[in-house]
């Protein structure tokens, strides 16, 4: 079951550059593990924005919420989720 | 080079059901050919809406505009295009 | 798996009152069958609007899209779907 | 009399994690008591957001405002309330 | 129990001036009866717009929806309802 | 001459609870005096929000701006004013 | 007492060019008379739009609504009115 | 050449009342000089808001931007500029 | 003096394909003449939309409004104009 | 391949005037180098706003994102990118 997510990241001003760098390291690890497990089917940067579009392949809404809540930067993200269904014109 | 598109379709009220059905046949053919050529990397229905999210893999903005303009239903579509870049956390 | 939907209905001006009445009869039947099957967990009128909020309990995004597309008034509806997860404070 | 509420929570940056955790404990207690009393008929997490949709069964607007104002996190919530009426197609 | 409503009226273009005039006569009668019954506590024109703000004093959401649906121009109205509670600073 | 106002209050995070409480005392006094003078014809809480709708009966735009600017919480308010005219269907 | 209005004109498609031209003649006459009487203190075209910003100097909200409703094109206008007060920095 | 500007002022919370008062003195001087030079043709307070609508009579976009940038409060303003043209119905 | 315009074209449904084709021929001629005169400094298609962004180099707001009003498709365009000034970082 | 960008700059309140001035020096250098390389085809100030519209001529979305991310003020910018295609009426 597929979902499109748009995630916008805004760090609070009190975070230091070192703290942000550490968040980015942990984020990359978590994101990589989600992709290797097949739960995250893709992630792309939105040009010019500290934001991404990503595709999630999950069993349920609960699983998706749990995965999203696991992102280290989750407290600093604004996420919008769009449920996707099979398109009749898709050849896949 | 990847782009995310959202396409919303609204048919004018003067179209007959037969005309709409014909549009849908031609749309499916065109969409299929774009997917087989690799230009359209995916298309998904937005749940509950006569709309889709789709991914396009093209050489240029001009090529993308030409492909989008070729959809039979193009005159009845409202399309929003978002340019995507490689995400540093993507493992692909 | 639960989803909240908001459906706004707008009839085109060329429909007669008789046609609208027939749509309403068929809509009531379809809505009733969805509720009896447990797929639609509730439906409420938004005060002052020709619109409703409804809750759907389904197996997948695809099933939800199929159910929504089955409403007789579907061509005249604008639907927004929000995926819901279990809330940690829910006692149910 | 039923109302749908959407509540979005945003904590100010000066709150410590311990303070937030305490808010969450008190929130869970309050939310649980409202549900046991039947005043809150349901609460669901919006997938990917620190927000919920909830249903309230109350006697009056004043009672609803009083209940909402009693949430420990109320000062940090943005709430939108939609009054609901019985839907003619509801079988309940 | 008080509600603020904003009603915007848009007539479809196929209505004749005579039909609109007749709607206005029936609307005035209905509106007057609601005011005399105390259900409608006030109605004001929004300057420069074919719209009004009005206050309703009702027993329930269901009653309000029924009253609003009874306006002759209801099919041509877009209505937004805001539930109001007693304000702690009100001297009434 | 009547105006509808919607006032949303947002306190800056550096205010103490004691300071806020003092603002509320002064606000109540000022609001009460406006109501007793007849300048403020009504004030209602918007359910679930730290906001109100209120009606002002004044001689001029300048008078209204002066009255609004006199609210102790004015620096923390976002106010939207809608000018109202007599409605042809009003029986008052 | 001054008000800023923004008026956007949209003619329905069934009007002929001759009918539109006649509206424009009558509109110019009405607008001119308002300006000569001092009730309309200025009118300017918004560049690139079939819309204007105009200033009205009136005694009351009721008078303003009556003046606006008198525009021949009023049924085809969308008007937003902003009440203005004397600015402390104005030298007039 | 005329432009309508809307300016909304928001002071950061770290400014003292004395600093704000000084800004207001300097603002009044600058605004007065612009008006006396004929560059600013009018300024009005938007009722209930810390905002104004003002008219500028300038030679070019560059001149307008320079004038606006010269306001002492410019760093705390959000400005929207609308270019105006002569209206065919204007008698001036 | 430079302005950025965004023009969105929407043809009414009663226009025939032949009429639209004729509009496009006349539009191309007019657009070409504006470009050759230097008044229009550039025009680009917005990918996926029947819309353009264009740059105008004119002497005044009045001249710009006259040029825009001269487009054959002007009655079917929605235009938003943004005045531009020299940027301090521009090397031109 | 051309893109239109709109960049809005908002500095956090903790930056000193000296820090902002240094950002502006570095921004001017970077912007100048992009223009000299032909990657940035133009940059214009939006009148009255701390914002610009700029045109980028790049090989790919990835290149554009890299260039935008290189602006010294990038962490303080909100950027919206619009992909542009050749317009059939362009004479260039």
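Labels for the chains are A, B, C, D, E, F, G, H, I and J, by order of writing; each one numbers its residues from 1.
We adopt the following convention: a contact is a pair of C-beta atoms (placed from the backbone, for glycine too) under 8 Å apart; a residue touches a chain by one contact, two chains touch by 3 or more.
Small disclaimer: the values here were computed from a predicted structure and weren't measured.
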Touching chain D and chain I alike are none
In terms of CA centroids, furthest away from chain B sits chain F
Distance between the CA centroids of chain F and chain G (whole Å) is 29
Per the C-alpha centroid definition, the whole-Å distance linking chain B and chain E comes out as 43
Chain B residues touching 2+ other chains are 2-3, 45, 47, 61, 64-65, 81, 83-86
All chain pairs satisfying the touch rule are A-B, A-C, A-D, A-J, B-C, B-I, B-J, C-D, C-E, D-E, D-F, E-F, E-G, F-G, F-H, G-H, G-I, H-I, H-J, I-J
The answer for chain A against chain C in the complex is residues 1-3, 60-62, 64-66, 81, 83-86
Interface with chain G, chain H side, in the complex: residues 2, 4, 27-28, 31-32, 35-36, 42-47, 52-53, 82-92
Listed in rising order, chain D residues that touch chain F in their complex are 3, 5, 12, 14, 61, 64-65, 68, 78-81
Contacts from chain D onto chain A in the complex sit at residues 13, 45, 47-49
